[in-house]
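Each structure below appears as structure tokens.
Two complexes are shown next, each including chain A; its partner changes from chain B in the first to chain C in the second.
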Partner chain A sequence: MSLTRRTLMAGAGALAGAATLGRDAGAQQRLNVGVVLIGPVGDFGWSHMHDQGRRRMSELLGDRVNATTVESVAPPDFDRVVTQLVRTGHRLIFTTSFSYFAPTQRLAPQHPQVFFENATGPTTLPNMAIYNARFYEGRYIQGVIAARKSRSKTIGYVATFPVPEVIHAINTVMRGAWSVDPSMKVRVVWVNAWSNPAREADAARALIDQGCDVLCSHTDGPAPLQLANERGVFGFGQASDMTRFAPRAHLTSSVNNWGDYYAERARAVIDGSWRPTDTWGGLGSGMFRMAPWTNMTPEEVSEAERVRDAIAAGTLHPFEGPIVRQDGTQVIAQGQRLTDDQIRAMNYFYRGIDVAIPG
Partner chain B sequence: MTLLEAILLTVITASTPLLIAAIGELVVEKSGVLNLGVEGMMIMGAACGIVAAIATGSGAAGVAAAVLAGMAMAAIFAALTLGLAANQVAAGLALTIFGLGLSGVVGASFVGAQRAGIGKIEIPLLSEIPFLGPVLFNQDPFVYASFALVAGVSWFLTRTRAGLVLRACGESAASAHALGYKVLRIRFFAILFGGACAGLAGAYLSLVLTPFWTSGMTAGRGWIALAIVVFASWLPWRAALGAYLFGGITILQLHAQGAGFRVPPQLMSALPYLITIVVLVLIMRLRRGGAAGPAGLGIPFVPDR
Partner chain C sequence: MRLVLEKRAETPFALRLLSPLLAVALTLVSAVIIFAAMGQDPLHALTVFFILPLSDSWGLQEVAVKATPLVLISVGLALCYRSNNWNIGAEGQFLVGAMAGGWLALATHGAPDGPWLMPAMLVCGALGGALFALIPALLKTRFGANEILTSLMLVYVAELLLDWLVRGPWRDPQGFNMPVTVGFEPEAIVPLLLEGGRLNIGTPIALLVVVLAAVLMGRTLKGFEIRLVGEAPRAARFAGFSADRLTWTVFAISGGLAGLAGVLEAAGTVRMLQPGISPGYGFTAIIVAFLGRLNPVGCLIAGVFLAVTFIGAENAQIMLKLPLDVTRVFQGLLLFYVLACDTLLLYRPRLVRSVAA
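For the complex of A and B:
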């Protein structure tokens, strides 16, 4: 069942309530799972893939679960939507955005009988687990490919909000690029939105007009990549395989796979073994993979695959020292690695990135 | 192409949907009706435009469908506010919410489908003017339509008898009625025109700017168009200025960020709103007038017999 926020709210839960009543009468033991999405299911990126995960969970668990997706929930509406889901009998709720972390943390103690799972959040609570994929591993590979592809030696980055997830992604892209060519530069535009296609496209236009010829994007949809295609530069897909949006521009995409995790967690709730875990799966875990390489020469492909395999095997670590901040202070020395907590709290750019962090 | 030309081109494309929607709403408000449903009509235009364009393979069919969808939404609004004399604010808000939801349903099976955008049309001779030519006269048809709309509506409102009658309906519906004008019919056509413009603006988003469908893709542009009408004191040329200011600063702040200006992007993102409001209010103060909206704006009219 897929509801939009508005039908959910406008119907004052009448619809959902009625559906739940029917369900309760039919199958008492079914687990109701709620998935709250920050963007539309149709963004063909982040939210779309969470919905695909929800589908995969339903496929794997069949009639042991009942899943409700609520899409395009702006943070101010979050409390109402979640309260509504709790009231209509949902016992496992995935809140699939970093923007939902603080509100989930606030609501979880008010509903101790419900299990919450927040995507990309930093800390857990007794009834709130966190999960994420190590997307930075894909970013490192993007950097390597971008450095091979770029003629202007400048990468354009369509960024969303200055949160650690985005900051360490930009750092990692550059780390990857510098491993090929230390003279690589980056330009960053913050669009202050996860999904606003026209503004994303405008940001991409601005970056291309300023000489960037490979675009990375952190927004949820394909707009920047599509624009790269139109303007004859290269770009990467986010969250889903975006080859078809940009047949000439697409190099590779990080393709997310949440379904297996969702099924595992729903199973844990059903058999009573749910714990507030902290899951951060990398390329090796199958939580995401790199989509087919396109518009790349065989040498570029084999290099990208070599890097990918090294990261998956753990022989190459994107956050290996030395790591030096923009202002020159050293974070860790050679031979050390950032801990997961340090990566998750990253609020600085590396030396060599000529961009200010807002705020 | 120089960077400046590139920026100006992008400014025009970013401003055009705002301008088209604002001009439509301006006419509606001049007739005395406040339609807050611009966002809803716009997104229905975007959805129906791309759906029809993909289904038929024709961009023109897409545009026609978008305009019709906007008008259909407007007709619902007209039925409520003119036919039943319902509260215009409430009906407009409802129209926006309805449009956002319905467009999701219309576009649902076209998610991820895409088509090539509508291309640019070069106007011979004019496009060869140095600098201005390529920026102004090598554009997509929507941009030309927006130029024509501004000039046309401005001429219509100030220079024609029909425009005068429309304004009379907005200032004092009772007087216009007493003079024998069919206030409700005139307002109905104004509302339809507003819907057509909003639909056209939506089509620009889904057929030109980002040629695919994703729900909520108007992202508040309908509201900005509404605000522009008010701050432009209901004058078409000022609405054009407001739309270009807003679009221009939106693009410039993106460029400033890309170029590494050390200003917080949150502030930069707020700048288009701030500067547009400040400039239009200043103009309003300096010109000492035009500030007051149509006297009958938002007041339902029920003709007595």
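For the complex of A and C:
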């Protein structure tokens, strides 16, 4: 038989086919999981913790998953990154920001064989689940600790955007603080960014200058806490354990733990039980935990732990009635509790918070 | 003893042309070293980085989508810089263009509209960018204010204006208070050109702009005026050219092109207005303009090259698990080599004995 171009081509085709087959067999064992991050892995906050979650998932599932992180993906680049992940065989994709909600919603129907998960989005699709953590539970504990620690009776809050997530967090901090001392006040500075260390530090400086001696922050990085350390006041870490950034100021941090959830979802895809769920986990389900208590007396620690355990067990609920708006109208009466939808849409401050919501 | 740079009497034309290629070659050599140091097979890594984005229709379309705003903005900037007008604020003009075009999309949202909407949005975007760019032009010609500072500072004005609009009057009522507008309606979205990709009419527009700018610079009196004012302002004055009028013209052109890029991006890839609408296109385009030797065709080549490195960086993250910072190092190295090559080709370093004071 003479070696013609056609037989050569056929041979090459068979080889390529065998290679593809081999790859497919490997892919069946290993689930490719993509994680799209809005910020850099090194922000020590939101995106960092999602990347930590990706690592934890890989630890838990070992060879069964192959995880990929793409960081600092701006909205104009999002479609391409997700499409490329799909094209390279990723079947489970976590899009870890509310900013990705609308584009994920647009892309999910184009790739029905791929499972999407959007962090903090409001609605699901047949192949798109949503997930978030009940961070407000940690905020309540922060309020309790802040009220114990503050001498000036004023908490400073470095806030990001006036979205419900942040508004209900400020409300819960104050609910926690009032449970200790009803005369507690809060001051808020909006930095209009999730991550902008310079503006965060300026906001913290302004709050301390206005007499706040315990700082809460909603931004992604440790800048406000570091400034608190410098100025000799207290503060809380956000997203990751930030003790090392502020050894004298740090009280506790809400430490996000996405890894267990990611592992659970990857397992669901592998065994075919994945459903487009709406998950909103809290201290009880381990979506986040409180970092080691530091710079606190044993009594303060035991009180914080008592509150934490009560919230985790469901005996203490931060959104119990009565809840009265800033303008005096009652939302719910004593004995009632806000529904998840009401919490998610919260657009008002409680009575007793004399701060205006901008916009 | 000290090191001084002396201008060479003349630099061969071929060397001027070769300088950017030399810079790219040096970047590639550095890339090989970096990849090897990170434990990657350099050849495979370079393939993922530079070849894969160009290997199929989808990839090519994405390169075009990414390069389009860079090319549009950098061509305008090249005209500016050639005439010695230093517009650093293209990022702001880009955002104002997005806002001006987006305004029309939002104003007609839910109202009957038609095929006139998209062209009208593009015109609005270009006009918005041009008017915004005329502010530094006015400040320069009327008050002698340094346009580098004014145009740069207006970027922050534009960013904050967009921020305010999407958090205030233009906020999507159903958007959970997030700083985003409603999604644009289909009529207000830039039409796609091919199936299975995102190539849109922005790319042919950018190519047309490159051709027009090349003709303008090479074949018209205006082009001569731009070059003359930039290279020999005194001679230009004797020739009767008004440097002030030219400042207005080039700022309007570059602002208009940046604004056009802005509305194309808002209505093409993002399909709504939100603060993160530009990943720094206006600033990256400055690199593109210089990499392209302030020449429209050069800008096209440089824009495509930079777009490939951006997409290559995403591929490297996805397929090689390399961190994003590696790309940033690349782009930094590339600009560094371009400037270094240029300097050494145009100037000669020489050690001179210091004269006793």
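In this text, the second predicted complex is superposed on the first by the 329 of 359 C-alpha atoms of A that agree within 3 Å, B and C clash if a C-alpha of one lies under 4 Å from a C-alpha of the other, contacts with A are read in each partner's own complex, and residues count from 1 in each chain.
Throughout what follows, a residue touches a chain if its C-beta (ideal position, glycine included) is under 8 Å from a C-beta of that chain, and two chains touch if they have at least 3 such contacts.
If you're wondering where the values come from, they're calculated on a predicted model, not measured in any experiment.
Chemist: Once chain A from each complex is brought into register, does chain C clash with chain B or fit beside it?
Modeler: clash
Chemist: A:Phe245 contacts which: chain B (first), chain C (second), both, neither?
Modeler: first
Chemist: Could you look at A:Asn192 and tell me whether it touches chain B, chain C, both or neither (first, second, both, neither)?
Modeler: both
Chemist: Considering only touches as defined above, state whether A:Ser72 meets chain B (first), chain C (second), both or neither.
Modeler: both
Chemist: Who does A:Asp354 touch here: chain B (first), chain C (second), both, or neither?
Modeler: first
Chemist: For A:Gly156 in the superposed arrangement: first (chain B), second (chain C), both or neither?
Modeler: Touch status of A:Gly156: first partner only.
Chemist: Let me test your reading of the model: by the given contact rule, A:Pro40 touches which partner, first (chain B), second (chain C), both or neither?
Modeler: In the superposition, A:Pro40 contacts both chain B and chain C.
Chemist: When the two structures are overlaid on chain A, which partner does A:Glu230 contact: first (chain B), second (chain C), both, or neither?
Modeler: Only chain B is touched by A:Glu230; chain C is not.
Chemist: More residues of chain A are touched by which chain, chain B or chain C?
Modeler: Counting residues of chain A touched by each partner, the higher count goes to B.
Chemist: When the two structures are overlaid on chain A, which partner does A:Gly221 contact: first (chain B), second (chain C), both, or neither?
Modeler: So A:Gly221 only meets chain B here.
Chemist: Does chain B (first) or chain C (second) touch A:Ala203, or do both, or does neither?
Modeler: First partner only.
Chemist: Now that the structures are stacked on chain A, which of 80-88, 134-142, 152-160 or 206-214 shows chain B clashing with chain C?
Modeler: Residues of chain B that run into chain C: 80-88.
Chemist: Which residues form the common part of the chain A surface touched by chain B and by chain C?
Modeler: 40-41, 71-72, 162, 192, 358-359
Chemist: Across the complex, what residues on chain C touch chain A?
Modeler: Within the complex, chain C touches chain A at residues 58, 62, 65-66, 163, 167-168, 171, 176-180, 183, 198, 265, 269-272, 274, 276-279, 310-311, 314-315, 317-319, 321, 323-324.
Chemist: Note which residues of chain A are touching chain B in the complex, please.
Modeler: 4, 6-7, 10, 39-44, 48, 71-72, 156, 162, 187-193, 195-203, 205-207, 209-210, 212, 221-223, 226-227, 230, 244-245, 354-356, 358-359
Chemist: Within their complex, state which residues of chain A touch chain C.
Modeler: Residue positions touching the partner: 34, 40-41, 68-72, 74-77, 79-81, 83-85, 87-88, 98-99, 102, 106, 122, 161-164, 167, 192, 344-345, 347, 358-359.
Chemist: Touching chain A in the complex: which residues of chain B?
Modeler: 3, 6-7, 10, 14, 17, 97, 100-101, 104, 107-108, 111-112, 114, 117, 205, 209-217, 219, 221, 250-251, 254-255, 257-260, 262, 264-266, 269
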